[in-house]
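What follows are several structures.
Below are two complexes that have subunit A in common, paired first with subunit B and then with subunit C.
And now, the complex of A and B:
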């Protein structure tokens, strides 16, 4: 009994540490920007963080199955391009555009997943080649930055709609959706296949189908991230996706998702994405050149990972 | 009858490096026959010259992949060496020797840092090198203030553009570096270690393979080779840019894999990578000659890579 309690505490130490780190960041943030806890600030920040949170969630579902998606940024840009290129008029138009963008992203994810599951090619190779493919499709859809998103939607999204922070609500809805899915056999199957593929197969799971659904689900998250980014910026940019590939992996790994699959929780990923987002903003506040952002991001990622590996190794001994 | 055919086909599938050259030969013949401008000596010369840039990066990548690592920072390293060399050379004048030395030293340092992260901090190679690549991109922005300089370095200019006996120096350099890497990977003790680590790290450790020194040699060699490619590119274009390395990140890995090396490590041949780099350069040149838009070109290239991988680079199911 005591051992189990200890194990549970140990299992959550990195989440706890991450939460503490986030708290420290929030306090520092409050110091620079005292309007942090006002609805306006929350709306703006959540609008800014939504794409990364959702992209990281997509990377998480793939990593849980034991894979990796290096084409995530390309798919994100593709969804963004489709959404903004479809000249949406009125609510019906926006919904059509969103559905189209989501379908494209899910389709791209399903293709990635099918290649991984059936072709016997390692995920890293498949998604690397797929990043050419989806990047190219994006450029065909939208050769240069452009496209439009209805102004009313952009305004409501970035400045709040009747005082409601729409992006925060959207993230919450998506996370609740994941939470529900996680308790179903489909959600558990993702963990099972990532944790022990042979065991999952022997237990009667259709492991290939599970992998495909994992990549397709990543497509849902990534597509939503792309739509969010389009609404936030009011247009689309075909080359904007690349940083999201690294940052989504960074957030997931920070949040405790294992590279080998089957281990980790979505709440960790969300915390990881928030830490990365807040840190980036904080660096801007400190007034140093924004050029240092990239340096800091890379350093933080390495330090955090090394620290975690070190701590968990100590615990394991 | 059919079984002997199956065996010979299986044998062919086994030698993936040969596949790379086979596909290269067929593609080249097809290009000569069906596309304009591929039948002249000049076009052939240009092809091997431009393939050298990718090829030099790719042989370094092969060394790392063989020990089941991966280096995603090569794009940053290519830009690093070109930008630093251009800046130092334009600052000091002279033949640019100091610029070249500083650039290559920095590249070696990046490789060593990558290896240190992988070996001592135990950060997965993909994350470590992605992170160091990101740090490099940021550091270069800071270093150049966003506007990298151009420079004429005579030595690099002639290295990239001149010919000896009709053969581009860049190609000669590529072949020489390939020979050195061939020795390192296939003939030296370090190479054996790399293969052993790639095939199974635990077994290799238990057999006394030193993982740390092998990783340091592989990652440093990879970064230095990427640096050399950056220098040749600087000579070729006469200018440096922060994004000049970007294509080489994915293409170098694609060359390695198309060359028949397993991305999981432990299996493959360095010469296959040479075929892979030539093949990718030829395909890119073909697609360019058809006047396709940038987007369509990428789509076709992506589909071709996936198709080729499906034909001969599938991992055996365990």
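And now, the complex of A and C:
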């Protein structure tokens, strides 16, 4: 029994370190904002973190296949623009708008994946080019900030719906969905292709198809992130997505997702995104001058990454 | 076994360090709050010990630095009269989601006044309206949100575009081909200035916009964008530009290539003003306006006035200055760097008039 617990802890060293860091941040946060653990604060914070968590989930999916998605921010903004320009009225309208936005994001992801799988170009090049493509399409859909989201939905998302933090529920649903998916043939294939593409091909996997579906699945997460951001802000802004590209990569890497594919867990990414979100928020409370906040943020992330790498390497020995 | 104990030691040490770091922060914040005797308790009608925060989408551009300087000077004045006790600047560094987080943090920390230079005209609305609902006085300036619940201090961006376009159309006697230099696509300020200009150009059917260029409001990308448009249309009669760095890029290109100095509209970007001044005797003519840095001062004064019970108008439109061939010498500052925005101060009486005091 004890052996098994030890083995589990050993396998999760990096996640454990991240969880400890998160705990430290939470304790510090609690010190500045004693209302942290009230439902209202949890709702506000989860509303704020949801888009980054989902974007990082999308980035993770792509990174697991051994790729990287530099067009993520653009696709996020595109989904946001589609959702908010549909001018949804009532529940039916919101669902239609969400489905449309998701379809567009999945379509964009599939196009990215197809280019990566068939053009034989490095993902970093393909998705960089795609970022201009999707950025342009977004401007066609929504030339300047605007669009609408029903006020009731904005309020329910940001302030809670009958006391339930909807964004937190959304994250839980995503994690459970991912866990189910991971055990399926498709989920395993994703890891296999990312870990060893030739091996996967040799064992009879249609590696190109797996890659395309991986990018399309990332589109689902990115699309959800865009919808989340639209609901959070009550509108859409065609240029708002850009910072999400690099932040999602940072969250995924911090969460233990390998740049070389095939290694990492979704819950690590969620922890990574929470650490980044909480950290930037926490620095706002400390009264450090703005430029030093950026310095502090960078230093803490580098130290956390170095530490994590060290711990994982030692664990592998 | 050995490797694992090392690992454990590192993990423990890291945790301790992190805690120590947090503790250090505490010390600093405690001394901060000691200097600020809980300003949030001021619900009195007279403004006293207000806690003021400014969230800006960018802080590094020189325009923002000048704005901060003017704002800081006004804060110092208000601090010495006891009206303001604490002032904090938050830089979102281009990330609108970060700006939302800043506004929410200010609500949580019970600020009395929130000033905001918005990174998105729509995305901040829910957060700002939540601040208003929490009893905070919210004043936006420069890049404005669309929310009607906050006080907005700005200039009329459409009028900006119209002023430039009208001057250019008249200068060209209503006919000729023109390159339009606009800001980044999808940004409200840029779109508004252009829509104001477009409406004017529609009245002059003989003016042709041969190329509509989008660029960052920065010299290097603007110079590149203009150079490629100009190589395709080197027979233009004028340039409509909606920003100072864009104008400077266009004029520099013409000067470098030793081409005819066609009229180019401008802004109070010192690099442009200086070049305009030196080329004036070669017949170069322009018009320029400015996004005055004192918008920040007006915003802060409006917030204070509102706290003191004055009926401050919801929308405060600050008149656009007009820089012409005749008054250029008052603005151009040959001894100052290119990347600055020369503008005079605004008098207290003008501020009072604008904020309805």
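The rule is short, and it goes like this: the second predicted complex is superposed on the first by the 278 of 317 C-alpha atoms of A that agree within 3 Å, B and C clash if a C-alpha of one lies under 4 Å from a C-alpha of the other, contacts with A are read in each partner's own complex, and residues count from 1 in each chain.
Note that a residue touches a chain if its C-beta (ideal position, glycine included) is under 8 Å from a C-beta of that chain, and two chains touch if they have at least 3 such contacts.
This structure is a prediction, so every number in the text was calculated from the model and none was measured.
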Touched subunit A residues, subunit B compared with subunit C: C
First, second, both or neither for A:132, with subunit B first and subunit C second: first
Which superposed partner A:120 touches (first subunit B, second subunit C, both, neither): first
Which superposed partner A:27 touches (first subunit B, second subunit C, both, neither): second
First, second, both or neither for A:144, with subunit B first and subunit C second: second
Overlap of subunit C and subunit B interfaces on subunit A (superposed complexes): 138-139, 143, 289, 291, 293-294, 310
Contact footprint of subunit B on subunit A as seen in their complex: 68, 115, 119-122, 124-126, 128-141, 143, 246, 249-250, 253, 259, 289, 291-299, 301-302, 305-306, 309-310, 313
Residues of subunit C that touch subunit A when the two form their complex: 3-4, 6-7, 10-11, 14-15, 18-19, 22, 25-26, 28-29, 32, 59, 88-91, 93-98, 100-102, 104-105, 108-109, 119-126, 130, 146, 184-188, 191
Touching residues on subunit A, where the partner in the complex is subunit C: 10, 13, 16-17, 20-21, 24, 27-28, 31-33, 35, 41, 44, 48, 51-52, 138-139, 142-147, 154, 158, 229, 232-240, 242-244, 247, 277, 280-281, 284-291, 293-294, 303, 307, 310-311, 314-315, 317
Residue ranges of subunit B in contact with subunit A within the complex: 70, 117, 121-124, 126-128, 130-135, 137-139, 141-142, 145-146, 250, 253-254, 257, 263-264, 293-303, 305-306, 309-310, 313-317
